[in-house]
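Two complexes follow with chain A in common, the first pairing it with chain B and the second with chain C.
Here is the complex of A and B:
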């Protein structure tokens, strides 16, 4: 779907919510608006655009330019319409002789200090200063050129007021010569993004916008490159480099960010098939017009030179790749898969999908395993991140999903953030939360590391419980212990929504002193007093919400931790009303969707077990083949079975298991033991080093489909450019399936969604027509909820009564000792995404050129390490080397790193420990030793060598 | 890295650790139900075989064997 550019109308000031409605007249037109609305916005509601420069509805009004003056009957002078609130019966005139004269004067002043190079300016055609000059009828500028900011030289001398362009940010340019000091950017950085990187320095003629300290540029300042300031800048002062390079866009394609689980809606601004810029959609229900550096700017990977666009095959993984046509590649893949099955049995092959793929792609891949391979060997990388969320929440509440939408954060009085680092992992959610914190909501953080959220400006103080990695269950159970001991629970809620006797049994379990703060302090190193204060704060806040991330799930007790979280929310009645809830922050864009779509080996779409005869009958009827009722292999089990020689073939779509799964050497030896590994991806990723077939994939800009974000919101992904590889990914899966006799004939992803809706009760109302109409919907979406469900469990839990599950702390087997005395925990950073395959191929690398190991000063000193030294990190699985960063953000005894770069391979050291219920790997706790090093480990050298050999491509034969 | 059978026993042991403290049903049955739901029949057969061959395991895991199901055509035990 292509829209012409109809810029979202800027209403001048933000919408106001009020139950009182006020009526007024603007230029003779009657209009009614909520009390507190500005006269400017009321005029806009009446269809009248009052000229303005410093006002925009992205940020609160400031009233500095005086261009928006109006006359109001009975009021003296000419008030600024952006800062004047409406009143009942007001009579407003937006154009009088006086006003016209004032406005011309204002514009004349602005223009006298502005270069008049409009024809060659990057904002030409998209500049509010130009528009306003036209709107006020400016025809001459009477001031003599005098002191100004824009001329580099005057009469041969350097102009002391001139500042050169700041091009330090790779994605946008700041040209102070064009700045009108409207302060929109400063307000956007504060109010929308919450970073406070910009200030206006000086006064009057001397005032100018500055990033950070005077010595800073944008790159060295606190700026996180979210782009909010660029979006609101009315001139070419802050502008995307792509616009400078290409020119203004001519049409828009609405789509969804393919990075994190926030699922921001974007308007792809296009010129032909070239993306000019990605602008966060104002009507995006997850992001409300905001974005982060990844979605806004880091899409250059889609046209990166490393992108492979042709299928390739090889006999052995030591051979160089041979570029072939689609037919040859697919025939080769299909016959090897069938061969593996005939040699080793029906169960000898399987599929892995990625939570980066669309719902429709994932659905087809799991259908390939179930209906075409005839087994249930399908899994998704959600296994390695959020599988415990699915299991834990389904057990407690009855659905495998978060309870609330992101809008709910606007109503929360306290946020308990557990094992998540939203400013880096889920930036737009973090901005929305920080806004609420600045309004006075409380904050409790349960994390081994002092995350940035704690240091952002907010009213009051955030509580930080710096627990030892692996003790989540102990600390959460201790919180429950305090709440029960001090009778802070919500008895009415528990009696009506849960089972009172069951709660009493849990209360009895909790009462044991082993769950008390004093005992738990010994294990977790969190002071007992802090545990008590946190418990009281959570229980006493009228509306308290819980947001959690992979620091909860990626543990041997991941599922138990999710249940402990559910218990806390239920006992305090924090379910079913806005501002509360249990909300997993999903890592990748479609973690929720890939789980919903039945990519787990034991569940059909909609979380229905493969042994459930009724569901199986539905699919047997629709797919026309008998289906297996036996659960299939999970990812880690696939590797074990491969090493045992029983699992021989794998189709891996969009997922780089070699880099993202724990215990890398285990994974690579498993892959090396297989007869056929098919990698379907944009790049020759690390897994492709062990593959026999490479099928080039299409990027999110090149295909239609849907992603489901962390709030269960189904968002549209729309094709903006033709796939460089010739096919959308779902077509490739279909071609492979048909080579194996499937006989599928989907013509468009909308037909796949229709099949999903037909077979899955919670999706029965979903269709592309509905999504086009509504923008997005949150499942369940069916006859009971035709427009979807923003809030779950409002009147009762999906499973009936909420369940209290006992949460005994069991120490992980991964313990520190003399050989491995430190605990390694892993995480993410803002500018990079997952294994970095995409972000490493963009200019985002300026913020994160390599992974580093964070280590506390005392641990560093013991080992004679200095900041920036190469260090060796060794665990019982393996060892790797990287540079050290000495910081007090981590506690003594704990070290921290990210895993965005393949050269580091942090997963060489992670172990095969996993969650008891779901086998989600224990990424967050590995016992390690750290010592000085002078270069790459033996494993790194070997791996590099194999990578070089395995990535060779034979030159194509000349025809 | 541990051998496949002891890995299965370790995973079952982790389940036992969880279900041991749940009041609603006998832990051995709960462990078996979880295994039946989420393991392939081969993994289930391997676990049974290992335990029958005398591998050490949590008593709950040993008791769970009686409740672990296998498809009809798969022999029970080594």
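Here is the complex of A and C:
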């Protein structure tokens, strides 16, 4: 661990949990630790550092470097302190003359095969080998120069043992010449990340770290570039290219990653205002010191050349942009918004809040709509992802959020993963789950595609139920059918926590043969036997958990699916204890927070309906204005109203609706019909092609605030760099609001959080002081739970009794037929993030330069397609072209793609079907035809043309 | 050999070997032995196939293959001559013998004669310490080895 600036010390070996406490003496100091703790860790607890090279508390003890040897009274020889467990009454000496001689001898051997170029080495000042040479008092190396791994040439001849640097990974360098073969990187790849991409090849003097096989380099190996190996490397062997380029950092800013809903805590290692590296925080409660390639490495977009830092305006969307000052841009925006209201009524304008921005920023944007526009026209991108989660879980349990924290996965005996691809979408959670799977927990995957989780190395057999897209409800109901038919349910739990009569009614509903596995096999294509095995495995596991993603929600029956999931968990008693629960894997860093903050048109912060007079009174009093009790427009309604000429203005913060919302041409024609579209973003995104005002945004490195992750954890975001655009995003919203007469005067986001806490019961205990002190808290955080709530529904459901809702399968209207015989479903890939606005502007493009269409070999053969061919994908809504990848990961009849690249625009083909309850679009099911193609579709050509026109910026006048 | 194109039969044989052992406890070494028996070495292209079948990664398989010197990553010559380099044999002049043998054959350890007939390998103890220095030509053990004896054996196998 390059931990010279990391305040929390490496304890050498991982913490052990035990109820038995053992007392021992280390160098005369008494210390008590849980049984099973290593002597090394016990010494560290006593404040004593035992020299070490191969040990780090990220991975289990290995005992290879022999530097940590100690003397123990009554024990023969000099045992390694990292692999020796403590015993009651043990007396340990970490420094004796004998031990000093042994350690010096070991260090001499290490240094005899290590270059002594410390002054020009990238790890200078940050090298554990250097530190240990100092710690053992190494003053000479008695060995003559001989065979070694570090000299390129010896006496003029090439050194056969020398290997050049591997610079194939864009973010870090592997320099075998500096390697001491401590195996930390190999063990971190296995134990922390779970990818097993590294190994030690050969043996003895030939031992070397190898990524993949002989023919592989880091890039071609299984390496997913999570950086765990770089983090644990004690030397400069694996080191960030930024450190090589810049040098060692001098201070740390603790903050939170701005990518997915895992919400990893990070230490931004800074030099002045420059980020040198991002290191996942060891005390981060969501990530426990781990990260993925996006969080650790893909932050270069914040200083990318495409980043816009000045406000711009234009009369209409065919004009080139004109760079203006903040005053002119905000005046223009405010007057056009007010004009739209005076011409078309108070309800003619609205906002879209961002799931990428902070809670405080989101709160202000919805407040802008409610208190300043005077309507409830606020919605958020959660509409297009997890709105059914909110609705479904609130109906069943009483809260719109996941039930457990990520730590709970350590206790689960079986994970049922539905419509999610954690290794790509939520990689750090996936690593934690994989660790549990290697320990023997079971895995059931309900997904049309064979996801990577199923090929977790060293895992037992996982069950894969490859269902037809759109049949989630049928399959989940069939699982419940089996559980009830075979009486595998938890009667005691149901009787005490739910309504027994209601359950009996549901059981009666389930008993119908149409919900049985044999009938469901016909429509879902999942073999009935697999359904039965999965149902039994879930019901019989002592603690079974459910994790699900957008493959559940983005369907016409998204809300029903969420309720079916809740039913399953309740009937098996899998709620309220660690290792169980219903946990949505939320897509964006703050999608939970943006929902919590009242972004939806019908709900104030804390999920309280706008028609609720008591809540409305609170806000009317605090905000000092009368508020509307009518729910506002949802995003799809905004588009429909715009096309009808009644909705004329939109302030869209940090979301690219043109690329992320379904049926792109519907979206673009709606935007083109508005009088004023304000885009507030880092980049001229696809939506800005239809905007009149562009307000440059600030990145997560440039602002203070909070994000709330998938486990309801409120994490601090701290400003590490001055905003390149001059203002944090909340300031910009405030300036716009004040131009419209709001009279806000927040001086810091902590004041906004204070207002949120004052007005929202589930947040009443939250304050920046508390967050600074605790690191993070999980809501509800109030007088009953002053330090937050890791597990919900422990003794009873929030709503009282858990509710069983009947889950009738209704087939989507989107059906395959002769014209569109295949079902398209969409997803994400590890290296790219959503619409790719950020990751496409980093070196992550080496892993995924374009979107491809996965198609089964038999479907490809029928169409005469070869791997890599250009294909046209057409649906009832539109068509696009991309390259085909032929693979058996998808079933016959199903095709799959990602939506990271605007040139592909997968959403041109998705339809405007949506969830019955929440209007969440049915991204995951589109009937399509695939045919050979020789170039971009007509739509792609037209769109490219418009993009070029719409992105022009007038040169600033030369003075 | 590549296992991707035009090698369906090789892939079939490989799959059969994997299937034969995959349900045993510790299936990797028996699989590698069978593959080496079949093709004379462990083709790199076989490693991902084995890995996928056993729930391992190709890095791990590579780690095992490269750990054991007897698993070859390239085919050997038709005959293999092993010369012991361990302590007992060294004390009886094995190092000098090694130098003479390498000069006589014109190849170094781990190398194969240009005609592909003979590969020279070092080995660390054949259990013949009493008759050091010792060697092994293919399956045949040789005690009290010297240059004359070894070159005669090499000539006998036609290399």
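To be clear about the criterion, the second predicted complex is superposed on the first by the 950 of 959 C-alpha atoms of A that agree within 3 Å, B and C clash if a C-alpha of one lies under 4 Å from a C-alpha of the other, contacts with A are read in each partner's own complex, and residues count from 1 in each chain.
What we mean here is this: a residue touches a chain if its C-beta (ideal position, glycine included) is under 8 Å from a C-beta of that chain, and two chains touch if they have at least 3 such contacts.
Everything quoted here is computed from the prediction, not taken from an experiment.
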First (chain B), second (chain C), both or neither touched by A:778: neither
Scan A:556 for contacts with chain B and chain C and give back first, second, both or neither. first
Partner chain in contact with A:897 - chain B first, chain C second, else both or neither: neither
Touch test for A:212: chain B only (first), chain C only (second), both, or neither? second
Touch check for A:632: first (chain B), second (chain C), both, or neither? first
What's your read, chain B or chain C touching more residues of chain A? B
In the superposed arrangement, which partner chain does A:201 touch: chain B (first), chain C (second), both, or neither? second
Contacts of A:423 with chain B and chain C, given as first, second, both or neither: neither
Can you pull the chain A residues that chain B and chain C both touch? none
Which residues of chain B touch chain A once you look at their complex with the stated criterion? 1-2, 4, 7, 10-11, 14-15, 17-18, 20-23, 34, 37-43, 71
Using the touch rule from the top, collect the residues of chain A that touch chain B in their complex. 347, 505, 509, 556-557, 559-560, 601-602, 609, 611, 630-634, 637, 640-641, 643-644, 646, 663, 666, 805-806, 808, 810, 813, 877, 912, 914, 916-919
Over in the complex, which chain A residues touch chain C? Could you list them? 195-203, 210-216, 221-222, 455-459
Residue ranges of chain C touching chain A (in the complex, touch as defined): 44, 47-48, 52, 55-63, 66-67, 73
